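Take a look at the structures below.
In what follows, subunit A forms one complex with subunit B and a second complex with subunit C.
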Partner chain A sequence: MIGRVIVTPRAKPSPLVRAGVPLLSLLVALASGAVILVLTGADPIEVYRTMFDASLNGTAPIERTLTYATPLILTGLAAAIAFRMRVYNIGAEGQLFIGAIAASGLALKLPSTTPKFVMVAVMLLGGAVAGALWAGFAALPKAFFGTDEIVTTLMLNFVALAFMNYLIFGSYSFWRDPSRPVPQGNAIPDSAVLPTISGRLHVGFLIAVALAVSVWLLVRGTTFGFRLRTIGDSPRAARYAGIGVPVATIAVFAISGALAGVAGAIEVSGVTNRLDPKALAIELGYTGIVIATVARMHPLGVLPVAVLLAAVATSGSSMQAIGVQSEVVVLLQGLIFLSVTAGEFFVTNRLGLRPVPRGGPSEPVEALADAGDVPDAADSLRASVGGAL
Partner chain B sequence: MNDSVLVLSIASAVVAGTPILLAALGEIITERAGVMNLGVEGMMLVGAVAAFWCGTHTGSLPLALIVGGLAAAALSLVHAVLAITLRVNQTVSGLSLVIVGSGLSAFLGNQGDSPLLEAPNGVDVGPLFPEAFADIPIAGPIVFGHDVVVYLTLILVGLTGWVLYRTSAGLSLRAVGEDPAAADAAGLGVVRIRYLATVIGGFGAGLGGAYLVLAVLGTWQTGMTAGAGWIAVALVILAGWRPWLALIGAYAFGALRGLGFTLQIARVDIPSDFLAMIPFVAAYLVVVLVSASPARSRRVAAPAALGEPYNREHR
Partner chain C sequence: MDATGVKGDDTRAVSLQVRDLSKSFYGVAAVDEVSFDLVSGEIHGLLGENGAGKSTLCSMLAGLYRPDSGRMLLDGQTVHLRSPEDAATLGIGMVYQHFRLVERFTVAENIVLGRGIGVGRQARRDVERRVHELGEEYGLAVDASRAVWQLSVGERQRVEILKQLFRGARVLILDEPTAVLAPHESDRLFEAVRRMADAGHAVVLVSHKMQEILGHTDRVTVLRRGRNVGSGETAAQTHAALAAMMFGSELAGVGSDVEHSSRSPGPTVLKVSDLRVTGDHGRAAVDGVSFEVRRFQIVGVAGVAGNGQRELHEALAGLRSGVTGSIEIDGHDLSGAGPKARHRAGLAYVPEDRLGTGLAAGLTIEHNMVLRSFDRAPHSAAGRLKARAIRETSGRLVQEFDVRGARDGMPVSFMSGGNLQKAILARELTEDHEVLVAASPTRGLDMSAAETVRGHVRRERSTGRGVLLFSEDLAEVLELSDVVLVMFKGLIVGRFERDDVDVEHVGLLMTGASVTGDEVHRGHEDNQSGIRHRKVSL
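Our next item is the complex of A and B:
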């Protein structure tokens, strides 16, 4: 035997560890992806170079990446604020669809001569309200009956998806373009299209960044944020402190749903310009949850993670040019998620090798020594909370 | 009489419910040991693509089922390492597994010169009992009209229940899921049992995916589970982690999935998208109603340590 692997919690991970481990995890993910690519007969170096060129190398690729990152920032924020309070809203996916349905409906209903500013503001607000209301179907049972929100939000996602499909593929609804035999959403008027900043990149990106800062300020600097963090750290302590947990649950669900709804509205206004189920149902909501986790539920941390993921996702179409399946980028996303999630263990724990002592193991002594290494109760609590989030 | 809409729809409910039941049985075992694996949807997809690939190459149903099960079990091992050894958040690890599974299955299914996307089903899944049994009134199609997997799944339900409640292995499994510290103190290998339970759960999901692609759909399509894995996750909670209730629930979901077919025969005009909603709306309503019912204190609660990583040093 070479000895025992000893795991000790780190007292306070250094900035080097906090930044270095996720980067190392990213490399591990790319390496595992390379193994799969080699096994299927593709050249990983060519694949990764093509991906880099398609997503980050040059103005147009960066515009495309930031455009793709916009909804991911918002669904990431939706998950971050809810999960911070241990409200497991897996429903950003459906809340995004409902937001998109509301926004496109408003854009088609309002007179096309409405000033752009008013039109876009109404669409985003409508998307937010619709997303929040849809989240209410999970929030109210959770607040009043303690209904498991993972199940309810998941089921609601599929209901929202089927409803959106019905509006375009299953009926001649108000949302569908009546002039075409092939089912397609009705195009929204020009006055409902988000202005662009540079090339294809639209103002929605700036809105998403502004919302990230707002959510950060809300969680960090307000009484509501303090309550939210208290409930997240210890629901029981929060109850004893007189914090109304049901009300806070409904509020956090509403904010989370509104952020996802805005994501849907921005996608309609900035990218698809019509209710387009195929372009919207690409698991933006589920991806947001994992982005939030990789960002450790930090609203500002969501920004770089979302951009990185968008860079991977947006390069899928470039794969066809070199004869590789575009689905490979979904696989890579998953590998990155798994790897970075696993890396979290190495941020909060230190690994060491200890040789097996001759003459039998000496458990009690080791246990004592380990207990001495544990920094203090607060740190281990933080470690376990961090692990739970 | 055997051609009546009711008889046919009950028979089809059993077939449509079987993949969900197989996945749910696996997840019950995993969750009873305290590990929550939300990656069922991804594991079913990987199991399905592996089974379909094996089926087109060998034409053997048992082999295809085993390969499907093993492929998904291999994926569940990733979750086991993350959730049990590295003690990361199980919700996130499970969700990542869904993304990996859907990406991997879509990638592999569309790979090579003759992709599985266009391949015919290589496995012939016929009824187990001879033709004569199918003519028995009512019981023919409903009881005797199915393929061998349906009956094996029924046996697995009984087996899972028996192991969980009547054997020391099942007692150990439940102990690890309820109070891992006490189980550890009693000398049970918490980590070993949780690994085993997670991999068995993955195998179940893989069997479900394999049966879905080979017997229910018959062709491989990208993302063909269409939420069946999530239904299985919900079903485990609805059934209170009990195999027998999962059986009833799975067939009920199968009936709801088949309702569209029935209503079309009955010439009821409901858009197909609304029919697709029914199982999900039903699951939503049942979860809410169960949690709101006054008898909820008496219902079986989740395994006490579900989703919580076990760290010996924090004992």
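Our next item is the complex of A and C:
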């Protein structure tokens, strides 16, 4: 068997491996991107430098990147916490729209003299509650009848989108600016606009970071998080431990929906300043799923991934200046995610050319592959999947 | 592959000789120098308890596992099977307990899957016609154009068999084929199997059901603990002789020479009355059982797997729905209570399935050690986990129960079976439990780990707890138990006090020898008085 590649699950990847492999994957993605760029006649170094300049080099680019990253952090968190418990809420998109509708509605309804702090707090809270309630339409059937949440949450996205479009484009609703012939949302009062930190970057970014830390602490340090992790790892063990799976399902749906709803509220309050379907329906919710996946459902992992993605995305417009199609950035995003996700295999597994001696903490996968008679061995394969937190 | 060659091949005579085949997993011999012969026209029964090595042996015949040593001769030629494809090419086909079918594909598509046969309309029609012919010939009729998801379990099994016949299998291995079938479907299956044998196929029928072996095989080979303990013409065997081979005659001595609690049992701690449990297939898996477990007492439940034991202990733990009857612990009725309330009432439970039920496989030892108590002081307060207290508890339990191989941040699934079991025991055997329900606690463990686990079970008894022990290892049940209950088809068909355990009798009851009505316990009134031993009529 010498010369054969043996895959061994890592019992516990070292911090070096955990940080090093994704970085290496990023380099691999940039290198393969460079090959494609050369083939299309572009200068990869120029492209990468332009991208860097446009997204991360200097105050204004960083502000733009972090502003763009803010809703992505929140939708990434929404996906991460739900997927971790094997609740596949892909409805952050719709929950975000509903959050935005609620927040803009509240901003227009409340007297414009309301103090900014109160106004913004009410908007964010309203967005969260609305997002959670919208998620409830999928959560209750899932918890009590086992309805497939992937289908329901996806469908609800279209309902939410249609509803938002109707409010602006299909009717003279409360949200629409009556003074303009072209359909447009009513501008929210100044008191409803999020304060900025620097340039265009608004306080919403800090709120998103704080929420990421909160979600992390929630999962890690509370009994609720304990339940969630147990269910996510093994629903049977959870039942055995007396953990009520339906209640936890509803709770995690509500949290997930609330995070997406807050994302909608922050976008309205910090960026669009009105209910603007065109600016909101840019697949922030779906992108959150990708972010959560790359971040391995880790709430803090969502932060760098969202920023990285935002950096690549915001640099798209700068490509035209050097005569490169802006779609190049989409290609790069794809390569990065492919590479980082595939690199995960090397975080959870070790490759070698010979089997490790028996009796070690782990056995080669080859030996486990069909060991149906050894009940505990086959399961250890699963171990490499979970346990990220 | 010439698909039209199927019908020509399958009547050629075939013989398979197995010589000294061995296979170990992690140093434990699953099959140990087994030899047997198989010839055309016979149905050869492979009988043994769960874990006797039947499935491992068959997996080697089918090319799924490679033997560590030994030979296989097909028609006198030594063959080396590197894969199931090799086996299929040589005409050896296996029908697994768990079907390997693509639900969305039609029967015909499943049958030709991976055969490189064209998907054109004509090819499809040819395949369907041939499947139809094979079905007619062997009494395995199934509509080849239907999708598999539309078929019943029995029909799916027919598809699996047809798949092997279509591929020209001359040696057919059926692994526990009746485990999933209703009785009338089983009869129909055996008719088909007989037709195959008559047509010149050699059939291996794997079973732990005595009646099937006695009723439907020509020859039988009995495996016990990986070894061939007897082969011969089925007609020359009796139920009793086979049972003795299956369970081992050395068991006769067990029960008298092993230390056991000298004190008489205390008050009743677990009382089960007329418990009925609906099984996963919607039929009654436990059909009205009543018994008691008293303090200072180990009650062992003997039985061949699949006779309702799993449903019974899961029902006791509160993990099943569809349960009627009553369950009391120390006089408190817990019939409607969930797993948590039962645990609080003093029920410790060691499930069969260590990783996945007993432990959350992907989480750490610390997490698992407080799986039952994370939401109480000192492990949490006001919804916040107390990391230090959890670490202390975990560290203490790990040390007390000598759990080895756990590391910080490492999923428990990387630990060995023995250590996993010790971890579960450490968590379950807290100070305030009253009764332990343990399901196959030593299964798959090496000797020393198994002995450690048994030591814990004995300690339960000596500290005044009651123990209800489920095990497929009869020797273990007899060694540990003060009272032995025998389960068969969801009923308790026998109850023995330690001093008058009759091993032969237990073996017969386990394998379903018909017994007089008095021995079938439905009510609990018999339990106190013990059971009058009747002669068993075969």
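In the analysis below, the second predicted complex is superposed on the first by the 343 of 389 C-alpha atoms of A that agree within 3 Å, B and C clash if a C-alpha of one lies under 4 Å from a C-alpha of the other, contacts with A are read in each partner's own complex, and residues count from 1 in each chain.
Note that in this section a contact is a pair of C-beta atoms (placed from the backbone, for glycine too) under 8 Å apart; a residue touches a chain by one contact, two chains touch by 3 or more.
On a predicted model such as this, the values are computed, not experimentally measured, just so you know.
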First (subunit B), second (subunit C), both or neither touched by A:Val290: first
Broader residue contact with subunit A after superposition on the shared chain, subunit B or subunit C: B
Touched partner set for A:Arg229, first subunit B, second subunit C, both or neither: second
Partner chain in contact with A:Ala238 - subunit B first, subunit C second, else both or neither: second
Touched partner set for A:Asp148, first subunit B, second subunit C, both or neither: first
Touched partner set for A:Leu338, first subunit B, second subunit C, both or neither: first
Subunit A residues contacted in one complex by subunit B, in the other by subunit C: 370, 374, 380, 387
Subunit C residues within the subunit A interface of the complex: 25-27, 30, 55-56, 59, 64-65, 317, 319, 338-341, 343, 349, 351, 353-364, 367, 371-372, 374-375, 380, 383-385, 387, 405, 407-414, 416-417, 420, 443-444
Residues of subunit B touching subunit A in the complex: 38, 78, 81-82, 86-89, 91-93, 95-104, 106-108, 110-111, 222, 227, 230, 233-234, 237, 271-274, 276-277, 280-281, 283-284, 287-288, 291-292, 296, 308-309, 311, 313-314
Parts of subunit A lying in touch with subunit B, wherever the complex brings them together: 7, 36, 40, 88, 90, 137, 141, 144-148, 150-152, 154-156, 158-159, 162-163, 165-166, 169-171, 283, 286-287, 289-290, 293, 325, 327-335, 337-338, 341-342, 344-345, 370, 374, 380, 384, 387-389
Of subunit A, residues touching subunit C in the complex: 9, 11-12, 220-226, 229-230, 233-234, 236-242, 358, 361-363, 370-377, 379-380, 382-383, 385-387
